[in-house]
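One structure, pasted below without further comment.
Chain nomenclature is as follows: A, B and C, assigned in order of appearance, with residue numbering initiated at 1 for each chain independently.
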Amino acid sequence: MATDGRQGFLEQATVGAEPIESPVLPSETKPAVSALTEQVGFLRSRARVIHDDVDSLHRERAFVDWNNQTNQRARASIPGMLNELADLGFAWRDLARLVGVSVPAIQKWRRGQGATGENRRKVASLLAACDMISQSHGIQEIASWTEMPLRDGVSVTPMDLWAGERIDLVFDFASGHVDAEEILTAFDPDWRERYRSEFEVFEAGDGQLSIRMKGQ
Amino acid sequence: MPHDLEYPSGAAGSRWDGLYRARGAEVVCHRPIVTGDVFSKVTVQSIGETKTKTVIVIQHPCAPRADGINLHRRLLVAELRSHSVIPVQDWITGHYAKMPLPDLIPTVTSGKRHQAAFFDEPYLVERGALELDSRIACLSLNGVNLLLRRWVHHNSRVVVPTSTYDGQTSPSYEEADLIEEWCEARMDIEVRQAAAEAVAWLREDGGGGVTRQQMLREPQSRSAVRVQMRSTIRTLRSSDPG
Amino acid sequence: MEEREVYPNAPVVLVALEIRHPTAGSLSVAERGAIKRRLTRHVPIMRMGRMQQLTLLQAVGEPVSLTGSQTHEFPRYFSRDNTMAVSIRDDAVVVETTRYERWEQLRTVLADLIEVRQEIGGVDGVERIGLRYVDEIRVANEQASGSGWASWVDPALLGPAQLGEELGLAVAESQGIMVFTQSADRTVVLRYGAREGYAVNPGGDLRRSTPSPGPYFLLDIDSFWAPGEGTPEFDRKLLLETCDALHAPVRSLFERLITERLREEVFRRGD
């Protein structure tokens, strides 16, 4: 059951000897598949779709954990958080892309110039996601891992998923339990056509990288 | 799809932003000159006359330097002119002789705000004509790939996917990023000296008989080079006197 | 038909339509396969789901005890990109999507689903129809907290937030619920409030975009119909007309609850 560890307000109320009538809440239209969090509905549902396997439960739990860890990380200074990300090996341009700002903005933050609370949270959420991926799935060089294509011949990387606001797919890929093709399809149903290329990059005779037709 | 020219992706509010790494006051002098850099007030030689124009470097990313530090004596550039915003769908179906540069100068509201590079107006310029003080924009990696794709298509009518260009341009772009970062950290010495220091370091063996520069060709090795570089810079700074 | 603007950056994260009916028999393997073939153009991937029903009892001063538990299996059909699912339980059919664009698109899937369910397995009537829109309104703005949400949503949704702030009490989160009735058998329930994290967990079986976790304003509009008397027939025409009627007030209510600034600066930023 997805929870952030807190009880809902209905359970936390101060109680005396006399019972206080709770309001009768209206019936709810219930999705069958979607994981409405306990933040919605205000009434603990008595019926819930249970997951086919433990992985699904973990996946749901991951987002609650991510939120909590983001809150933890957001207590640090933004230059400190950026330095941690730099020490993991991330490129500034990739961090800028993930946060949704320009590289110069990142450079300003590094020098101590202020970032909005929203951007501070975004940086914190990057660090928190790195923590989770490393700790839960044993991925050691996380920056390197984010730059490697999900599949040979298709230039989509975990960085691209992340920048496309599909951290759910990043977590899935990190878990190793979801097929790369399934992830690619979830990200872009047209990926087979979009990333098809008759060309390849190779090292030419002068040592520089060149482009040629495949199969040559 | 891979046979079409592409356009910048992203939400409309940020799509044009994604073309650029830096514009206007964001552009820093210590970044090496690379493909896609835009310079104003550049002296170009036309037929029988000298003119001053705003230009963009269209020399291939692997080609601008003879020795890794010094630019070639002459570089290929294309002229920029004011141009209305070209809708994204039209990037695919037309304007093949141009590279649109919408919101190039976001601080103005006049017609100069949006521009385009005209591939039919190429020039060779002396390297000295590209003064770092007059650089007004640097393209993002995605912007450089789009530029190259359109430039090559203009010349040969061959369409190469942007993702393929990325495999070719990203090592050079990464190198430029690292040199910029090195120079910024080494503001205590002259920029040319810092850049030379960075290039020398990149050409050292990074492990296993492969130079760090060569390691940049492999996406999974780049982060290791970044980590090493940042550590090296910290050591250099802590060992500097004063 | 009224022209409705489609926002490029709409906040809707889930739309679910549920039709409850008297308990029907479980579907056989052959019936599940037949439904899959009939719905394949929308939701070609079939998976089984399980619903656990728990009965809890809590007396005053006593801990909660579990007095009953039942587990039911039912087929679920997914789109290839896992953004839409159709579920066929013993007591309800549900179509839900995390990639909602227009009512007409969802209605097309619903129409096919109703037709298929009428023909395969058989359903004796309808007990409740509900159409629910869950919105997570996120703005990249320092002021989107407490009474600061007044720039983005109708201040009526903020209750005593400003009053509390004047007394030095910061709003940590808020929950509100308003029940509107349109007629004896139609109700609209609005759940709303300043929250944090997600209203729809991105780790669920339906995929959705995943912004960084953080503050958002929930607008959860549940428009439902329940017959006052009797159990009407599971009739395609009736069901679709009722769903159209349930859809009608949702957009109007949503538009009245948001500000023009939110439309311009957030919803209209997009492709």
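Just so we're on the same page, a residue touches a chain if its C-beta (ideal position, glycine included) is under 8 Å from a C-beta of that chain, and two chains touch if they have at least 3 such contacts.
Please read all numbers here as calculations on a predicted model, not as lab measurements.
**Student:** Which chain wins if you rank chains by how close their C-alpha centre is to the centre of all protein C-alpha atoms?
**Tutor:** The most central chain here turns out to be A.
**Student:** Work out the mean Cα position per chain and let me know which chain is farthest from chain B.
**Tutor:** Looking at centroid distances, C is the chain farthest away.
**Student:** If you average the CA atoms of chain A and of chain C, how far apart do the two points sit, in angstrom?
**Tutor:** 24
**Student:** With chain centres taken as the means of their Cα atoms, state the distance from chain A to chain B in Å.
**Tutor:** 30
**Student:** CA centre of chain B versus CA centre of chain C: separation in Å?
**Tutor:** Roughly 47 Å, centre to centre.
**Student:** Mind pulling the residue numbers of chain B that touch at least two other chains?
**Tutor:** As it turns out, chain B has residues touching two or more other chains at 14.
**Student:** Per the contact definition, I'd like the list of chain C residues that touch chain A in the complex.
**Tutor:** Residue list for chain C touching chain A: 14, 16-18, 47-56, 60, 71, 74, 76, 78, 80-82, 85, 87, 89, 92, 94, 96, 98, 128, 130-132, 134, 140-142, 175, 177, 179, 187, 189, 191, 195-214, 218, 220, 222, 224, 226.
**Student:** For a test of understanding, state which residues of chain B touch chain A in their complex under the given definition.
**Tutor:** Going by the criterion above, the answer is residues 1-2, 14, 17, 20-22, 26, 28, 62, 140-141, 160-161, 163-168, 171, 174, 177, 181, 184, 217, 219-224, 226-227, 230.
**Student:** Spell out the part of chain A that touches chain B in their complex, as residue ranges.
**Tutor:** Going by the criterion above, the answer is residues 86-93, 100, 102-104, 107, 141, 143-145, 147-149, 155, 157, 190, 193-197, 199-201, 208-211.
**Student:** Considering the complex alone, what residue numbers of chain A touch chain C?
**Tutor:** It comes out as residues 2, 4, 9, 19, 25-37, 39-42, 46-50, 52, 56, 58-64, 66-67, 70, 116-119, 121-122, 125-126, 164-169, 171, 185-186, 189.
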